[in-house]
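Right, I'll just put the structure down here and ask away after.
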Amino acid sequence: MNAVHAELVLRQGDFRLDVAFDIPAGSVLAILGPNGSGKSTVLGCLAGLLSPDRGSIVVDGRALTDVHRRVLVPPEARKVGLLAQDPLLFPHLSVLDNVAFAPRSLGASRAVARERAVRWLSEVDAEDLAGRRPAQLSGGQAQRVAVARALAGDPGLLLLDEPLAALDVDAAPAIRGLLRRVLRSPGAAPAAVLVTHDPLDALSLADQVVVLAEGRIVEQGATRDVLSAPRTPFTARIAGVNLVGGIATAGGLRTEGGEVISGLPADDVVVGEPAVAVFAPAAVAVYPAGAAVTGSPRNAAKATVATVAPHGDLVRLHTGGDGQWAAGLTADLTPAAVAELALEPGSEVRLVVKTTMVRVHPVRSAG
Amino acid sequence: MNAVHAELVLRQGDFRLDVAFDIPAGSVLAILGPNGSGKSTVLGCLAGLLSPDRGSIVVDGRALTDVHRRVLVPPEARKVGLLAQDPLLFPHLSVLDNVAFAPRSLGASRAVARERAVRWLSEVDAEDLAGRRPAQLSGGQAQRVAVARALAGDPGLLLLDEPLAALDVDAAPAIRGLLRRVLRSPGAAPAAVLVTHDPLDALSLADQVVVLAEGRIVEQGATRDVLSAPRTPFTARIAGVNLVGGIATAGGLRTEGGEVISGLPADDVVVGEPAVAVFAPAAVAVYPAGAAVTGSPRNAAKATVATVAPHGDLVRLHTGGDGQWAAGLTADLTPAAVAELALEPGSEVRLVVKTTMVRVHPVRSAG
Amino acid sequence: GDRGVPLNVFAAASLAESFGALGRRFEQDNSDVDVRLNLAGSATLAQQIVEGAPADVFASANESTMETVVAAGRAARPAVFATNSLTIVVPAGNPRDVRSLADLTGAGLTVVVCAPEVPCGTATEQVERSAGAELTPASEEQDVKAVLNKVVAGEADAGLVYVTDATAAAGKVDSVAITEAAAAVNSYPIAAVEGSAQAEAARRFVDFVLGSAGREELGRAGFGTP
Amino acid sequence: MRAGVPRVLWIPAVLALALVLLPVAGLVVRTDLARLPRLIAAPAALRALELSLTTAAMSTVACVLLGVPLAVVLARTRVRGVRVLRAVVLLPLVLPPVVGGLALLYLLGRNGFLGYVLDVTAGVRVPFTTAAVVIAQTFVAMPFLVVSLEGALRGGGDSYERVAATLGARPWTVFRRVTVPLLLPALGSGVVLSFARALGEFGATITFAGSLEGVTRTLPLEVYAQSQADVDSAIALSLLLIVVAVLVIAIARPRALEGAYASGGGGR
Amino acid sequence: MRAGVPRVLWIPAVLALALVLLPVAGLVVRTDLARLPRLIAAPAALRALELSLTTAAMSTVACVLLGVPLAVVLARTRVRGVRVLRAVVLLPLVLPPVVGGLALLYLLGRNGFLGYVLDVTAGVRVPFTTAAVVIAQTFVAMPFLVVSLEGALRGGGDSYERVAATLGARPWTVFRRVTVPLLLPALGSGVVLSFARALGEFGATITFAGSLEGVTRTLPLEVYAQSQADVDSAIALSLLLIVVAVLVIAIARPRALEGAYASGGGGR
């Protein structure tokens, strides 16, 4: 059963949104797309802040919006949590009371709500800001508090609009990890929609991806499929990475075929759980099939060149399938290298990837 | 002569800012630092929106702020342009009039101001939004308009607080390029201060870097020096890249020593101008000194291992100086690779870097 | 008429109707004059004249306010042109069967009178004293019209107002004559204002009010003659 | 740091202040200050003052309790006809107070539609009571509160209210915890306006409630009565009214109603 | 979509509306509607109406020209003593209008401090002219505008004004292009309040300007004069006043003063 089914048609001035998607129960949908493609508008519809001109939104079998049948459940009755693009913290409440707002609204006592607020604040590493007014926060601090506020309501459907914007290099992975924990907490995980410009967020948080352009869905599917084989130029620009699935090991990942890829595990990788190795086509070096691997790179595998095609100023190589992990990968090379190695479809090659260029991310079992 | 000299002490609640820095004439200073470290506060002081408790700000020999002498030039008389963290577009004005606001305020006629506004809007690729109200923009569209508005005033000192936040993968490089053009336009370039969390912004836009932590400067210097040899963990986390300077060529860069590094030139590289090749330590593969280079990677050079030290779960290698470009570089390897190659200080090695992992950026002649 | 020199007549508000008619008649006889009434409470008018208002004629609803104007040197030799006395008004049909002042002292009757500070209140006190009746009013109103309105609205069972007010409201209220009313006859003095730019026309108007035309109009409104 | 105020604005601002201050100053100058203490300390004056303060306070409370909801309904609902209702609220603003008093009398008086019902069913008669004073003052003062709040509500927009709804707050919670707190500065102004209007109320009160010392004779009524006999004492009483009102407003006006909240985080 | 209005709020809101509407309805019911057209069409009534509308419009303009700057100065400067000035502005609110009129008479009358100077130097005598009506109305109505604007100014904060300053706008430009436009919804309310107050002004006008037909006798004064003879015709005239005021306010109130701007970009 799908947790969320949405069909939305909405005009805003010249802009027309026309999308339909499903989110399977307990899974996370990432929405990617250029500025102004309608990502926030979709979240607005889901949250009940915008009323579509046509269409419906069904969550867990309950129609929240149904234009035809004149159903429009108000936002507060939707059990959604919206982290909007603008933090919009209540200026008159302390940080603590901002975060306690949702629990309070849902009926928790003052003490319980504050306790939960403190917990969420410490989750986003902002417990020392509890007594401040929003006007006394920096941009990144406000964003972290907004994340805590959206999570504190324990929503059944969590809507996150660029949750990691404005965060520094330490806070961003920490919050990403927090979101992962929340979105994958066994049993209690809410369905979620995540708007992001960062493919890494999509990879590490979402099962499904929808790519919007000018209000329409141009690409849709499992995160790994969409990101590893982008079919639109936009998706290719934000993604276009090599993904190899398997089971996490201490220093990397074991593929279904039993091969080992060594890579750097992300913080939240659990050994023995499903994981995916991610590396850029640019990081794949190509050697003649017979060359000895004598250097530092840990990962090397035989493959056959399937296609060779120009890709901007570079040449993009796809490898064919022969069972090894190096099958179905993409490598970006300079034309000079291609010429020198005389690469053409059918060439036998050896692909080499440095361990340090490979990130291993956990994936959802569903994915 | 320095364009800007600033010494600032300011308390805000528990937070205490205490910084001093100079910006040489016509150059760009990047401010890096974790959330809440005081970056926006510094910009606020420079813009005249905040009044420090102690200290002074001198721009082009003119004291804008001098607490001791009770000087506090109001914001409008400072010839600064501030792009704040929150776009804060005027809600009652159209996008066009928002951008035309600064020229109008500085005395341009309505027609001239609008004409300039249209030009700036097209620079940020938002000319089709000209007739909209800010409430009808998406987050990224609003950010682009805010950039145009800040630039349209032709300020003598440009203050940019995370100018590329909320932008999509196409818009971000485009705006980065625009800022480069503005900040380096010969003769007319304003001095600028750029707050960012992205080392690439700092590299491509700034000559100098200041790293703040808890209101204090913890690192300061030329961008390349600071980013390539970070002395604090925070800087190391956001930067820690290899940088090799030289003169841009068609497919890369020629070092002072006449060696050629092949890499992917950024959009705004001009052949024959100073440039820098940037690549991550993780992208550097290490081979025994005698190994033949038979594969796709274009860049290979001899070097001597100077130091070998653990770096998180990896091992970080520094190479010693023997005149080649491979001297003074950093490479991150797995412990397994280090063991297999028996690397230790003094080992002769061959460093290999794929062209596609090397980005070539223009640098300021001053840098 | 709109033509002619303006003659500013400052008249107590209770004279609104009579003086309106008198002014029109005067204009018919004197086409060179445009009578302009300034209607307000006597005290306000006196205050305005003392402060240098461009008044030509002052007609007051009581003698004490005229005295303040005379004392300030802005009027001389006032003459009484009308009198007024109190009467009881009750809602039409006299449902509580009020016959005399003494009937108003009974319990359960809502009576309103004027406050002692205003002329009709002073008169009320005098009448009470001479009748030996002590009223316990529900309200001491600031002017006689307020008293009348309360009775018209049926809010009060009885009120003490001037005969002229009762006359004006005839049909909506019944009046019950007070035998002791003679104890407090209120006199309305009129005078030309000193320093008036229209001294001659002002004198003519004063004479007109004091004359037969005045007596006729004022009598119609229920005023007594001096 | 605050945004600067254009210098030129000081010219009309000072003119405006002068328009307000000079007449009052003139009044003070003309007052026989030697007699002042005796006039002010008169028992009638003090009782009138006390009555004025209590009734004005009560009607201000009534204005807030009734007016805030009305303002929110007018500003936040998009039912057709709200525009008409908005105009209706203005009626008491324009009605000459005496006529307003008559209207109340016609409604709540013994023969009035509602007054008759009240009298017959509950034996309650409203006119000539202190309650009537409060009603008259509320009738006259409430529109000031409603109109000023409505302007603020529409000016402020409802983005925070929408955020609160997405956090699960039901409309009542949103109202209590978001709408009202954010409205406080405007509410402060509205309370001042309606308190001042109630305190100065004259025409409707005298017409509807009458004027009986200690029961319905508020200070403005006392002032008017005095002005008929003795202008100086009327002026003295007015000065008393002014001083008390300004003190009450300047002191009692809660600090909370003063400050504004800077706009959300990060936008420095 | 707008934020929902709590249902419970409808109860006090409807009560508030009833408090406003029922008395007026009662008034209408009691009016002798057959006589109405003749009463209203009387030349005196029409002249009074015309005078009322012109003077109220003029004094509203004066209120805006003087009051907006004063409100901005009060809300945006942090000179010591501003708190005192804020209280001073309230004076005319509290002053019984009759006493306010006296105060103006004492200032601008022939014997008054300023009136004497004006008379001697320029030969200008203010009282009992139409100008005096406008002055009296402005004196009484301006505080309503100032207080309501000040609340809105402080509630709104000054972040946009600061942004404007960083874009090189001098204070006057900021005022004209940012402060005032953002203030429009509150200004709309303030204008309505002061227009209504000016239109209904009685006490200060009759005292300071007198009640001369065609010159200073505005509709409320005409109502008073009529009420001396015939309460019914006074009520009819009041209804005329109400209808005209509501029409003027509902129709003339510019649309621009109605709408609010949603908060800045991106925050949907």
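Letters are used for the chains, namely A, B, C, D and E, taken in the order the chains are written, and counting of residues starts over at 1 for each.
Everything that follows uses one rule, which is that a residue touches a chain if its C-beta (ideal position, glycine included) is under 8 Å from a C-beta of that chain, and two chains touch if they have at least 3 such contacts.
Listed by chain with UniProt protein names: A, B = Molybdate transport system ATP-binding protein; D, E = Molybdenum transport system permease.
Just so we're clear, the structure is a prediction, and the values are computed from it rather than from any experiment.
Engineer: Need the graph distance between chain A and chain C over the touch network, please.
Structural biologist: Graph distance in the chain contact network comes out at 2.
Engineer: From chain B, how many touching-chain steps at minimum until you land on chain E?
Structural biologist: Minimal hop count between chain B and chain E: 1.
Engineer: List every chain that touches both chain B and chain D.
Structural biologist: A, E
Engineer: For copies chain A and chain B, work out whether under half or over half of the interface numbers are shared, and give different or same accordingly.
Structural biologist: same
Engineer: Using C-alpha centres only, name the chain that sits farthest from chain A.
Structural biologist: Result for the farthest chain: C.
Engineer: Max contacts between which two chains?
Structural biologist: Top of the contact-pair ranking: D-E.
Engineer: Just curious, how far off is chain E from chain C if you go by their C-alpha centres, in Å?
Structural biologist: Comparing mean C-alpha positions, chain E is 33 Å from chain C.
Engineer: From the mean C-alpha coordinate of chain D to that of chain E, what's the distance rounded to whole Å?
Structural biologist: Distance between chain centres: 14 Å.
Engineer: How many angstrom lie between the centres of chain A and chain B, each centre taken as the mean Cα position?
Structural biologist: 27
Engineer: Mind checking the centre-to-centre distance between chain B and chain C? Centres are C-alpha means, answer in whole Å.
Structural biologist: Each chain reduced to its C-alpha mean, chain B and chain C end up 89 Å apart.
Engineer: For chain B, jot down the residues that touch at least 2 other chains.
Structural biologist: Touching at least two other chains: 40, 48-49, 74, 76, 84-86, 88, 137-141, 166.
Engineer: Name the residues of chain D that each touch 2 or more other chains.
Structural biologist: 1, 4, 102, 106, 159, 162, 164-165, 170-171, 174, 182, 184, 224, 227, 231, 261-264, 266-267
Engineer: Among the residues of chain C, pick out those that touch two or more other chains and give their numbers.
Structural biologist: Each of 44, 47, 149 in chain C touches at least two other chains.
Engineer: Under the touch definition given earlier, write down the residues of chain A that touch chain B in their complex.
Structural biologist: Touch residues, chain A against chain B: 12-13, 33-37, 39-40, 85-86, 132, 136-141, 144, 161-162, 165-171, 197, 234, 237-238, 251, 262, 264, 281-283, 285-288, 291, 294-298, 313-314, 331-334, 336-338, 340-341, 350, 352, 354-357.
Engineer: Spell out the residues on chain D that touch chain A in their complex, using ranges where they run on.
Structural biologist: Interface residues on the chain D side: 159-160, 162-171, 173-174, 177-178, 181-182, 184, 261-266.
Engineer: Give the list of chain D residues in touch with chain C in this complex.
Structural biologist: Where chain D meets chain C, its residues are 102, 105-106, 109-111, 127-128, 206-207, 209-213, 216-217, 221, 224-229, 231.
Engineer: Chain E touches which residues of chain C in the complex?
Structural biologist: Residues of chain C touching chain E: 8, 10, 13-14, 16-17, 36-40, 44, 47-48, 51-54, 145, 148-149, 152, 168-169.
Engineer: Mind pulling up the chain D residues that touch chain E in the complex?
Structural biologist: It is residues 1-13, 15-17, 19-24, 26-27, 29-30, 65-70, 72-74, 76-78, 83-100, 102-104, 106-107, 112-114, 135, 138-139, 142-144, 146-148, 150-152, 154-159, 161-162, 164-165, 170-172, 174-175, 182-190, 192-193, 196-197, 199-200, 202-203, 220, 223-224, 227, 231, 234-235, 238, 241-242, 245-246, 249-250, 258-263, 267 of chain D that touch chain E.
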